[in-house]
Amino acid sequence: MSVTHLTAPGERVDSEPVTLRVGVVGAGFMGRVHAEAARRAGATVVAATASRPDRAAAAARAVGAERGYPGVAELLGTAGVDVVHICTPNATHAPVAAAALAAGAHVVCEKPLATGLAEATGLAAAAVDRVATVPFVYRFHPMVRELRARLAAGEAGTVATVTGSYLQDWLSRPTDDDWRVDSGLGGASRAFGDIGSHWADLFEFVTGDRITRLSARTAVVHERGTQQVPPTEDLAALLFTTAAGTVGTLVVSQVAAGRKNRLHLEISGTDASFAFDQEDPERLWAGRRAGGQVLLRDPATLHPSAARYVRLPAGHAQGYQDCFDAFVADTYAAIRGEAPAGLPTFADGLRTVRVTDAVLSSAAGDGEWVEVTP
Amino acid sequence: MSVTHLTAPGERVDSEPVTLRVGVVGAGFMGRVHAEAARRAGATVVAATASRPDRAAAAARAVGAERGYPGVAELLGTAGVDVVHICTPNATHAPVAAAALAAGAHVVCEKPLATGLAEATGLAAAAVDRVATVPFVYRFHPMVRELRARLAAGEAGTVATVTGSYLQDWLSRPTDDDWRVDSGLGGASRAFGDIGSHWADLFEFVTGDRITRLSARTAVVHERGTQQVPPTEDLAALLFTTAAGTVGTLVVSQVAAGRKNRLHLEISGTDASFAFDQEDPERLWAGRRAGGQVLLRDPATLHPSAARYVRLPAGHAQGYQDCFDAFVADTYAAIRGEAPAGLPTFADGLRTVRVTDAVLSSAAGDGEWVEVTP
Amino acid sequence: MSVTHLTAPGERVDSEPVTLRVGVVGAGFMGRVHAEAARRAGATVVAATASRPDRAAAAARAVGAERGYPGVAELLGTAGVDVVHICTPNATHAPVAAAALAAGAHVVCEKPLATGLAEATGLAAAAVDRVATVPFVYRFHPMVRELRARLAAGEAGTVATVTGSYLQDWLSRPTDDDWRVDSGLGGASRAFGDIGSHWADLFEFVTGDRITRLSARTAVVHERGTQQVPPTEDLAALLFTTAAGTVGTLVVSQVAAGRKNRLHLEISGTDASFAFDQEDPERLWAGRRAGGQVLLRDPATLHPSAARYVRLPAGHAQGYQDCFDAFVADTYAAIRGEAPAGLPTFADGLRTVRVTDAVLSSAAGDGEWVEVTP
Amino acid sequence: MSVTHLTAPGERVDSEPVTLRVGVVGAGFMGRVHAEAARRAGATVVAATASRPDRAAAAARAVGAERGYPGVAELLGTAGVDVVHICTPNATHAPVAAAALAAGAHVVCEKPLATGLAEATGLAAAAVDRVATVPFVYRFHPMVRELRARLAAGEAGTVATVTGSYLQDWLSRPTDDDWRVDSGLGGASRAFGDIGSHWADLFEFVTGDRITRLSARTAVVHERGTQQVPPTEDLAALLFTTAAGTVGTLVVSQVAAGRKNRLHLEISGTDASFAFDQEDPERLWAGRRAGGQVLLRDPATLHPSAARYVRLPAGHAQGYQDCFDAFVADTYAAIRGEAPAGLPTFADGLRTVRVTDAVLSSAAGDGEWVEVTP
């Protein structure tokens, strides 16, 4: 692989940006979203691979890549890509990411970074001289940045409690199935690894705080066709404390009828409280003793760190793809040597693997309290 | 005391209802609410007592009673009351309730029933041949009954998780103070005993389920003037499991800026989910895989057990006093020998004292899991 | 009739308030609501009449009156009432109110004050030395008073537009019927007279402005059993201008599926806008260029003129009956010689009859613009 | 200009789609949005022009075009574009569109299609053998299509009333100014032409109905620097009737503090009502006598004509750019010979110019009723 034309991270460039050459591994739902965002960020999607050599061309077509490759090795060896986007089932993330880093590529690796703590630790260590990011994309909603800026400014006073949930219903019926259900592909944790990890990242990102101890319960509600032994959890619920002394709860479920992708968090401080709902990302509720405000994504009033992610005037809704695009654009900016704030890296990916690990180990011990490695 | 003209509970009466004679102990905020509800239920508020003999007349005026009495003993001994409403600070509930029962009166005793488990147990045992209720009045919102009826009918499928919170902000500042802060008056638990108890009762009431094990954390955020050693908690957060296998979380706080009296619960089932917000009690959200419904308090569509509490047509909001009135009316109906469903009795009062006790003992053990006595 | 023990309006009294003796004419839905509010205001409901002499006793029972009377004449002649509450079908309001005033009683007359402009004018003229009110009770929601206070203080800047609606669905099916459908009982205007009148009163009350010119359209959607020729309208829609130069619209319908009693108004000013929804009366939305606020009915933050109507702490919902009670209490306070602000009198009742008359006459002229008599 | 390689509309093609060559006239806010959507639809933005020859290169950079041209004539004469996107101030739309059509190009022309009725009529006539569309992009929100499908299926029963508003606040202060304020650039109608036109198109699109008669009022609230004589309106309000007999109201304002881009419509039928808010485009409220539903943009439950515009799973918000992209993609599909349903054409552009014309002429006649030419 030849990634010779790129500067190292941190090195500033004055000339016109070189068009990045992107390879996409895994051409499913996320593969398409990544490829689209890559193009919108000005990159060229040159290569794609599927799960089987005979589907190489189909994968290329699915994500709009110039060429399909029979496998990751071929893609890394001959496509001359600058960045590899890993959009495959979870268990494959670690080996593909390791190979991509070894080949000198920058890497965008889907969450969870790895299905095991050891691999995640290894990847975070290996990622040091390349840009290596994980799409915790909710960080890129302008109102999330606004929340982060306000908390950083101390607006909330003492953050006493946080009430969280991430609820979905696409697995609410026993007949619902997916590769995520199979621990061999999805990893030992399903609901928490898949979506709880997003919540944990978002909470720690907006508060700048760390979950330090937790007690967790998990449950399996349905037997499913591809379920292994032991089965992966349909839901997880946590009680936790943080480095700053906040006490929090979190309910994560993929069997909650009527909720599609509802990541919700309410941060309750003594001076102000804030509530954010990922399904309604253009608004942020801010409550004070004297009443509540509904803050809008209005460039005229947002903190600069939030206004940075505004693409459209107030009242013209930005959505999920917009925050995804911003994540990829920031990743590429980092590759070009810039240092955008709040980029979720492999270190962040490792962090949520640690939280997931703590959740599983607490749940295995009937909710016993466990420390989360910082 | 002479409560001779009343039938025992369970005994049906055909004649015109006798006008109940009511005594109110404690003429503060709740004393006035109870007295008003008593009058609306057709009773006569004949007696009131205050905290000091010299305020007897003022207490009578405050609640609109015919006469003020220097103390509970005098009221019980000479006022000829059928029912005593106990609306004083928590620590006084148990002795006053015991005395009232001993005097043969029916009793409405504010929550928490007692500040100690032993007293609560004694009261529940003593209450057997009198009507003895505790104002867990949120049970009397029609939409709460609707929720209960739907859960009883199995509409939710498997209730997998529940996400709860009860948030207030009236103690969010260090200068905020109240008798509840003083453990000598309010009891060892403040936030949980005061409002968490309502949530626990409501959850168990609508589901018919029981919290069996829990892990809890509490915290004291502010030092306050009347705070004792050990101080009472500003907040509590719980992870719990139930007899039916539901996993739940609950955050209770009196220092959550921007929330006034927000008791919220979202019950997530595999077939349907339901969310109720005490500050918006005329609506109930019902979510299903195919979308969400906002159920209204419309007599035309409610379950009979909910329609029973409808006083006004749809769109003419019922409020807190309406559910309080319904609670008192049902208590008096029970005194007249009827058996209204869902009346919160001393047994229910004892139950929440047990939950509170478990919360404090888990929190004292750094969140260790404790069993809740059924 | 002997109303000798009462002071004239305006005359202050120092002695204990005399218990008012109340007579209720019409013992249907509103008769019960009025009687309940009268009792809560400390009055005694001594008399009631029904539509037929043989239902006198039943009427008394229905509203909890001491005695039933065969007719209005008997009630006025012998019951010794201080105040008469008129809760009968619309066409009877004027003759009963005139008789009650003639008998020297204070009068609370349901809206519409009369079904004809001449009668309404006569009543307003006749009411001068008695307290004579019309239950435009939405004025008594604390958040309505808050809105009024803020508009009076100029917070909105120039009030440029108002968008209004009052939507119900209880007549949405052709088989739905009611005495209101019959113009002989309900009057020539149905939807507007019945509910549009409430909206018009509320708008003029909160703004202190006057609708001066309007263009209206009405429609009859269903033929119904008791419909007369010409039929009464199922809906009305208006474009109007005001004395202050505001331009507004209003849609009134009783055939709008899914809406129960939704009186909504959004007042859009150049500095601030406000939205109020009668079905969610504990909140008031206030929008400014920099974002929106949700103002809560919190005694700690309300304007004194609004806080006056607070009965319960923030977060303990007040409802329709609470505002009805406040209206009756203020009416009785006026009878006792006080001068509560914002009491809706026969002059206000006449005012909405004028607006209704203008609506019908514009609609009859295919929406031609008509002046509304001030 | 040579647009030789394209098929005529209606003619089906089997071969690979040829990459369309796009020219963008006007490189402001909309120019960028159009160019981005063009690229996402697979086209190449080859040309751009600015308002002045010396800004040609800057315009090209702003929209990412290959080359800047000094003027429209040069662009049409030498750039070899297949499609021209007109994104300039309103008064220039008609001449540029006419020139582009004359040059044989397909045209996407921003609304309003023209500032005069005669020009708009001419353009609609001239557009017959080219694809010529107007970005009434709100049509491309999936929930708008869902609403349209449900109304077409008769779900609402008789649509009796519609309550509409389109409120913004970016011109709420006297110091706010813009080229739209100047009638020479923006046209004689400002608020209505700019945003009322969107509402009118959306209403007629979802209902398939036609506004036939209307009475309108307009007002100028602030004097502004670029205001001409006569000034353009800050607001307009309408009462209207439709071919199907619906009665409706609409308030349009650009001086409504607190509202950013709030296009709202509530369609009230006898069987069901529907409400849509452009600022919350992922939801559609559907009310029925038995209660209300909140329909979500969930591919699993949407009508096929709505599901067609789903790009992301439920709960992953789509936004304004997504609907814009869909509009451009459909325009290009039409250029390739397909016939996507609901494409807003010059005929639709003409239609809203007619409505705007009627609004101005009614307002000039103090709200006199005018017919809208079909």
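Letters are used for the chains, namely A, B, C and D, taken in the order the chains are written, and counting of residues starts over at 1 for each.
Everything that follows uses one rule, which is that contacts are C-beta pairs under 8 Å (C-beta built on N, C-alpha and C of every residue); 3 or more make two chains touch, one makes a residue touch a chain.
Computed from a predicted model, the values in this text were never measured in an experiment.
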Problem - Chain separated most widely from chain D, comparing mean CA positions - result: B
Completion exercise
If you tally C-beta contacts across A-C and across A-D, the winner is A-D
Practice task
Go ahead and note the Å separation of the Cα centroids belonging to chain A and chain D.
Solution key: 36
Completion exercise
Separation of the C-alpha centres, chain A versus chain B, in whole Å, is 43
Handout entry: Centre distance in Å when chain A and chain C are each reduced to the mean of their C-alpha atoms
Key = 56
Exercise for the section: Note the residues in chain B that touch 2 or more other chains, in rising order. Expected result: 259, 289, 291-292, 296, 298
Problem - Contacting residues of chain C [partner chain D, same complex] - result: 156-158, 160-163, 165, 167, 169, 172-173, 215-219, 221-222, 234-235, 237-239, 241, 245, 247-251, 253, 255-259, 266, 268-273, 286-289, 291-292, 366-369
Fill in the blank from the handout: So, in the complex, the side of chain D touching chain B is made of residues 289-296, 298, 300-301
Handout entry: chain A contact footprint on chain D (complex, rising order)
Key = 29, 33, 36, 39-40, 168, 259-262, 278-282, 296, 298, 311-322
